[in-house]
Amino acid sequence: MEEKYYEISSDNIEKFINNLVEQNNEVIAPKDKDSDTFYDKITNFKDADLNILLPKLSFKEYLLPKTETLFEYSISGSSINILDSLENAGAARIINNGSGGSDNSGKKGGKKIIFGSRPCDAGAGPIMEKVFNWDYKDEFFNEKFKNLYIISIACVQPDNYCFCTEAQLSPESSYGSDILLKKGGSGYYAKVTTEKGLELINSSSENSSLFKEISKEAFPADKDWKAAFDIKKTQGFLDKNFTSNYFQEKFLSCIGCGICTYTCPTCHCFDIQDEGTNEKGRRIRNWDSCQFGIFTLHTSGHNPRVTQGDRYRQRLMHKFKIYNEKFNKYLCVGCGRCSRNCPEDIDLKEITSELSLMENSGEV
Amino acid sequence: MKLAYYPGCSLKGTSFEYETSLLKILEALNIEVQEIPDWNCCGASAAHSLNHNLSVALPARNLAIAENNGFEEVLAPCAACSSRLKTAKHEMGSDDILKKRISDSLEMPYKNSLNISNMLEFLLNIAGKEKIKSLVKKPLSSLKVASYYGCLLVRPPKVMKFDDPDKPVSMDELVALTGAVPVDYSYKTECCGAINSLSKPDVVMALTGKILYDIKEHGADLVVVACPLCHSNLDVRQREIERKYAERIGLPVLFITELLGLAFGFSPEELAIGGHMVNADKILQKLSN
Amino acid sequence: MKTVINEQERRNFASEVESKLHDKLAKCYQCGKCSAGCPVNFEMDYTPNQIIKMTELGMADRVLNSKTIWLCVSCNTCSTRCPKGFEVAGIMDVLREVAAKRGIESKTEKEVQTFHEVFLDNVKSNGRIFELELVGKYKLKTKHLFRDMFLAPKMIEKGKLKMHSDKVSNINQIAKIFKDFE
Amino acid sequence: MEKMNDKLQNTAKELLESKEVNLIIGFAKGSNPLRMRSVFITDPKDAYKISFNAHCVQDLAVFLKKPEVKKFGKIGIVVKGCDEKAVNTLIQEYQLSRDNIKIIGVECRGAIKQNLADRGEDSVKQSTVYDKCLACEVHTPLLYDYLVESDEPAFEITGDVKPYAKIEELDAMSVEDRNMFWQKEFEKCIKCYACRQACPLCYCTRCIVEKNTPQWIETNIEETGNAQWNMIRAYHLSGRCIGCGECERACPVNIPLMLVNEKMARDVFEKFGYKSGLDINAKPVFGTFDANDFNEFIK
Amino acid sequence: MARIGVFVCWCGSNIAGTVDVKRVAEEAAKIPGVVEAVDYKYMCSDPGQNTLRKMIKDKNLTGVVLAACSPHMHENTFRKAAVKEGLNPYFIEIANIREQVSWVHEDKEKATAKAIDLLKMMVEKVKRNKPIEDVRVPLTKKALVVGGGISGIQAALDIANGGVEVILVEKEPSIGGKMIQLDETFPTLDCSSCIMTPKMVEVYQHPNIKLYTYSELEDVSGYIGNFNVKIKKKARSIVEKDCTGCGDCWNACPMHKNVKSEFNVNLSERTAIYVPFPQAVPLIPVIDRSVCLHYKKGGKCQKCYDACGPKCIDFDLQDEIIEEKVGAIVAATGYDLMENSLYGEYGYGQFKDVISGLQFERLLSASGPTEGVVKRPSDGKTPETIVFIQCVGSRDPEKGVPYCSKVCCMYTAKHAKLFAHKVHGSQSYVFYIDIRATSKGYEEFVRSTMENDGAIYLRGRVSKIYEDNGKLIVKGADTLSGNQVEIAADMVVLATGVIPKKGSDKIAQMLGISYDKYGFYTESHPKLRPAESSTAGIYLAGMAQGPRDIPESVVSGSAAASKILGLFSKSEYEVEGTIASVNKTTCVGCFYCKRVCAYSAISKEEVKDRNGNVLKVVANVNSGLCAGCGACVNACFSKSIDLKGYLDEQIFAEIKSLAV
Amino acid sequence: MENNRVEEDDKNAQNDKGNLSGSGSAKEKEPRIIAFVCNWCTYNGADLAGTSRMKYAENVRVIKLPCTGRIDPLFVVEAFKKGAKGVLVSGCHPGDCHYTSGNYHSRRKYTAFRDLLSYFGVDTNRVEFSWISASEGNKWVSVINDFTNKIKSLPDSSDIFSKQ
């Protein structure tokens, strides 16, 4: 689709969002909770906190719920009923971190709209989509991804832990967003890159009237974001130094909590489990983490990744080597959540940059 | 360590000899003590007899003042006072509510951190046997001395936490340091009648008499005490007892500090030994021989 | 002697004493060691162990009017030797306090009671004991004007009796303590 | 007097040089000036990296359970008073031999809450430290081989301080309201098990949640599974938790886990007079019993 | 895949009257894994059992559930039947639909529903059963008795007379214990040594008893049937086999006034080379090296050696460690008396004539230091007035122990009586709190001491003893008259309390048995298993368990012996297979399991790699000791220990089967 | 990974042959009580109630264990999860444990566990503990009846573990 550009005033963006809510859509935005900010359903534009850099968790759970039912069974008499959960997938059971109640409603027919995400979070969607459609098409993911509309707002000031530019995105990237907003003018400039974006703008005559189309040139140009190090070098190091002692020493301080993976917008490992009794039950998939000791524990008792160094190396390898070799894209959007949330202050930006420097100097 | 000194009422009155001699020997021992500023009466037996909380609050004021003046250790030479101070500390240690009430009433913070010593404890633990021994210039080897402990120095053990309540040895140890011969006898910890001195003189005389005659029988030249009340009963009432039982006693009653003072070489006048009712000249003579 | 035990009164009295004593009366198993060692037992009308039992049985009148509670000199021999760790001396304090609170005047041991009262008054007004005033007031109150009088001249001569009082300067604080805990 | 960091570094250096230990676990500068992180020193030359300040929030005792760390054999560890109790408990529970550990105790004056530090807070005050610091009884560690005294004065406590005041609030609530409160909290849980991993006393090589015959804990990350996980975590730490607060600090969704741990610690103390982590020779409260234990709830 | 057979028993109308058994069977048939479900009138009858056996065989069942009466009734019956068809007995489970359904409910509908539920639970449980083999432990048919007092001697003789070898270990140079120190025994006043010495000799001469005196237990390992015991035989400095016990050596010893005699409780002296008392068994002296001049003065003195005819003194003998293998152990370590010196107010140690009951016993004894004449230790005069004080240390939680020592009331009455018999015109006063005289003839004995022998009993305690003019002034109370009393006595005898033998806690730790807070060994069950310790194969006897008198000590010795003879009457010791087992892969070695195990069945085991390096230390269950209570399972955080027959998985399955 | 093992139940479920509603779960409105009892005392006490033909409420389902020391508090949670409205834990009186101390250990654990349940908002009226000896058939009956009545009087619980 050909990109389109608009201008919209602050008042109008508020109207637009509130209209979307009223149009039976579920709008999810950064929202204050427990002196932190999480993505959560809003019922009014004012609920959204657009000033903070990033919510504590990404909106990954709207694409890959923490627990997702794949099918349910029940036994009645001599018949066994299997209930395929796919038809509900678009509105699968999601427990919102803020709303404080399970929410099964998932407004039938409505869209799920993420509002106010940053370009890094938005970038995670298409990155995940690749892995869920590589050979097996994961309909559970696709259903939700299809129905998820993303309106993001460009960053002005990244913090110490951010490295989206190094991760080949940028604070103003529109990759993965249906609509990208940039502050300026009477409120915002908007860049629409997808049909889904247009669909939102044209969802009602009132909505389309709120947006004033402008030329590409009138849309403010991106700043010249400079990468502090070359991520290709990081990959280069990983290519050659699988057995480097660096990993063992560096990750002595890793306690294997897995927060990095759970808060990561692109980490997508899951575990399939069954729950139930003789009468009824279900098959579910739950979030899982490569940082756990039992993640690769074989039935024999052997574990190919014995140390936490092995496990974190795996995370680095997957993100900056293996995934790139397959999809020509890094499995990282540089949001820095893993560093910010790490209880032991392990900083991924610091590590990737160190590896890149070591590759430069030929150090092993 | 900053040492506080809690004299109590008796040492400023009827038992001024105790204070005089005590200050003398502390000087000799080169130990500096400071009187607790604006101290008050501990309430003695009267308070705990009539009002438990008051009996804790009155001594607590002294402790709180001392604590807030940066003291860590209190010397309470009077056995009754040390008993009341220790009891107050003990009670507040196990009753936080009372402690808070008292602290509120005094409008002073109070942590209950002080250590309280009676005279014997102070001499043995803080001054130290070695030091005392080194100061003995005139060994009192010609004297046979009976130590009378009475009640409040060692009882009740869970509060006093000092010496054996039924077989105390601390004062005898001090006596031995002076070179004098400690005399063993049966009534070392029997009560002299204490506070009932004024109200029940007959009872007091019966009790005190039993003690004095027993000491006499065991051949002591004199008695040492570490309690003004014991002193008062044994010394002041001695004549009266002799009259009542028609048998002479004639036992001088000295404070332990006076005995130590004599051994340190102070003169009887410096130690105010002349302040006692029972004349001590005979033993002083024995010493100078 | 016969006593009819009124259960309500028994409980009231026993629990009043127990709560002040922070100890259980039932702990006493009546071995009598307290009475055996008490130095003033010979003057008492009830032995200490009897006082404990009578308190447990709620005989408030007899206990609070006894000589025993006022004769006790708090020498703590009983508490020290009690095999059950019972606060025998403590219960005497409690009973005296209860008697005083109830306004019971000891018929036989008025002197002791008066002495304690005069003593506390003295503390209240001076913060410390002014011995001459204490003795004087006590004698006035008990009318034992001449008892022990022969001791006075010699004591004055020896410097044992001071002629002026040495008051606590922050006497308001002493007053406050009395007010807060009375 | 020797400055704190000098003494720390010298102690570490001497221990390594004399080969009394093969590894020192300490604190060092972190990713920003208001963050500290753990550092693992094997070369005496690196001892200069060790330092200590009010941002040393981590409980380094957590590393003593890591097999990679255990491999070093004799280890020296820098611990605050609260963390030291974890070392005691590990010894008490046979996870660590007293002979293999050199405890470098630091006198701690309180740790600044990390979320505040991340917003620039740099002063130790009643309002900036963790609740555990307000009630701290172990500013000086209970057990140590070397003690490093603090250079800082204690922060001032004014007014009626009630650490974990929410506990009393919860106790006063109706059972239904407490249920609502905790359901809401546990719904946030994403079952990352960071609370477990951050806990120095969760040292099982296979956690009960990883056992599936039977499945003790539902695997789902929903109300029931989450509640069960949080219940079992609290239960397994009852009478053991030493109150370092690492679980709560690690929790990415801000579940107030210390309200549970502290409540159980209080209950255990009230019922059994036991406080954890104080004595390496004490019998753990649930490893022993008393014939006269609390019996009132049993018919 | 499980193949479960279900049998629903009618029990005549007992079950069928209230429960619709047909429907229960129908519903059972629908449970996954159930291959056939039938109902039958009387399952426990022979034809019933045959039906069961036939179906096991025909349908190749892997498990059976019976819905019938309580498992406590017929579980064994059905298990035996199953075993005959080659099915592991633990694959039989019973749903209790009689005692817990049909007999307690009336509504047929509800009762039937409940019966179906109970049955479902058991089906789910049996599906998850694992074969369990009962544990058979070989038995070494030899017993060890620790302690050569009356209870130990009794146990050793009874076991030996039953034809089993016994090793008796005694710490002192002679057996006999406390009883041999006593004069006469209550209430029959027969002479203690007259009844004791023949038993001691019998022990010495018994072909089945190996006696180690002057020896101590050094180490115990193993478990029931298979204990390895190390005994330290301390060096006597005498070549025992050559010694004739003639006495020339101790008569020659120059140290004859210097050492207090333990046997006479410090009332007399002994030599450095000595036998504790003339009737000692064995009658072989021992050199007390801590006082012997030979050892203290560099080998100069050897007067005993010179005097010894057979030259059996060897100054260079060393302690010896003897290893023995035994199948069962009796712990009869006995008791000590409390330190009298705790009571400053009584002046023990200060006043020579304040003595303990055991000392008085020696003064009464014809073999004692005064040859049975009662004399004061201070001046050798015969006392005319003696005050006896009971409960010294006993019933005194403050300074002593809270419990009653049980024997003091009786021995004090005996003392007063014997004193009256020996010294005419004498007077005893006894201070007591309560008189406890509850065995046969005891009350009569005490009454006779008062009524016939004139002892005056005062109900109260003594507060203080003073010395006055050669008299002991005893200040006590008579609470019955409400008076303080003072008695001028010539001598005071303190009935001191009984406490466990010093060092008995170490023995307990060695044996892995539990003891109470005072140190007395605790019984496996206070009422039903009073002779057993909590550890299988270890039995208890005598005062080591708590205060008791001679007859009770003898009974307990015999009881322990009979338990051991019973144990040894089988060829192997069988333990039910329902015991705990550890998953050593996941065990993390916190040993909470060990802490809660009442049977010391859990030990530490090192897991090593191929090179012998210790990888970790894990728990190990000793199947001979485990009683199958499951407390360890509950204590395990990582669920690395489980109880066979009651697996966590089975219990969860039972709960799950009830899901609504 | 260990967790990937499918539980046997669920395989069985798919091989099921018939209707299980006979157990009454659909019809049953009566609250379900699960009792974890000691084999040596309470279980015998319950048997005694039977041999004495005493009558009591049908709501209880007994799970027999060797000792209260074996009864993991998490069984209680599991019981609630599976729809029990009340849970009873019952064993030998203090001092009477067949295994000397199992009941003492258990009592300690349950003391803390009860506090925890209550703190998490579970009505502890729904968990009952009792000491019932083998001779106390009548006590078993009254405990069951009283507990059943109590459970019936409580409102439907919405606590954490009762969610399905």
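Note that the chains are named A, B, C, D, E and F in the order they appear, and that numbering of residues resets to 1 at the start of each chain.
The rule is simple: contacts are C-beta pairs under 8 Å (C-beta built on N, C-alpha and C of every residue); 3 or more make two chains touch, one makes a residue touch a chain.
Keep in mind that what you see is a predicted model, and the values were worked out from it rather than measured.
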- [ ] Name, by label, each chain that touches both members of the pair subunit C and subunit F.
- [x] E
Open item on the list: Between subunit C and subunit D, how many steps is the shortest route if every step has to go to a touching chain?
Closed with: 2
Task: Reaching subunit E from subunit C through chains that touch each other, fewest steps - done: 1
TODO: Tell me which chain's centre, taken as the mean of its C-alpha atoms, is farthest from subunit E.
DONE: A
Task: CA centroid of subunit E to CA centroid of subunit F, Å - done: 36
Open item on the list: Counting only Cα atoms for the centres, state how far subunit B is from subunit C in Å.
Closed with: 22
TODO: List the centre-to-centre spacing of subunit B and subunit F in whole Å, with centres computed as mean CA coordinates.
DONE: 67
Task: Separation of subunit D from subunit E, taking each centre as the mean of its C-alpha atoms, in whole Å - done: 44
Task: Per-residue overlap in subunit A, given as positions that touch at least 2 other chains - done: 271, 273, 277-279, 294
Task: Residues of subunit E engaged with two or more neighbouring chains - done: 31-32, 345, 464, 585, 596, 635, 648, 651-653, 656, 659
TODO: Check each residue of subunit B and list the ones that touch at least two other chains.
DONE: 165-166
Task: Interface residues, subunit D side, partner subunit A - complex - done: 30-32, 35-40, 58, 62-63, 66-69, 115, 118, 184, 187-188, 190-194, 196-198, 205-206, 210, 215, 218-223, 225, 246, 249-250, 252-254
Open item on the list: Show me the residue ranges of subunit F that touch subunit D in the complex, using the header's touch definition.
Closed with: 2-3, 5, 7, 73-74, 77-78, 81, 94-95, 101, 104-105, 107-116, 118-124, 128-131, 143, 158-161, 163-164
Task: Footprint of subunit E on subunit C - complex, ascending - done: 29-38, 41-42, 46-47, 49-50, 77, 81-85
Task: Residue numbers on subunit E that touch subunit C, as the complex places them - done: 345, 391, 395-400, 433, 459-464, 475-479, 482-485
Task: Contact set on subunit A toward subunit E in their complex - done: 277-279, 301
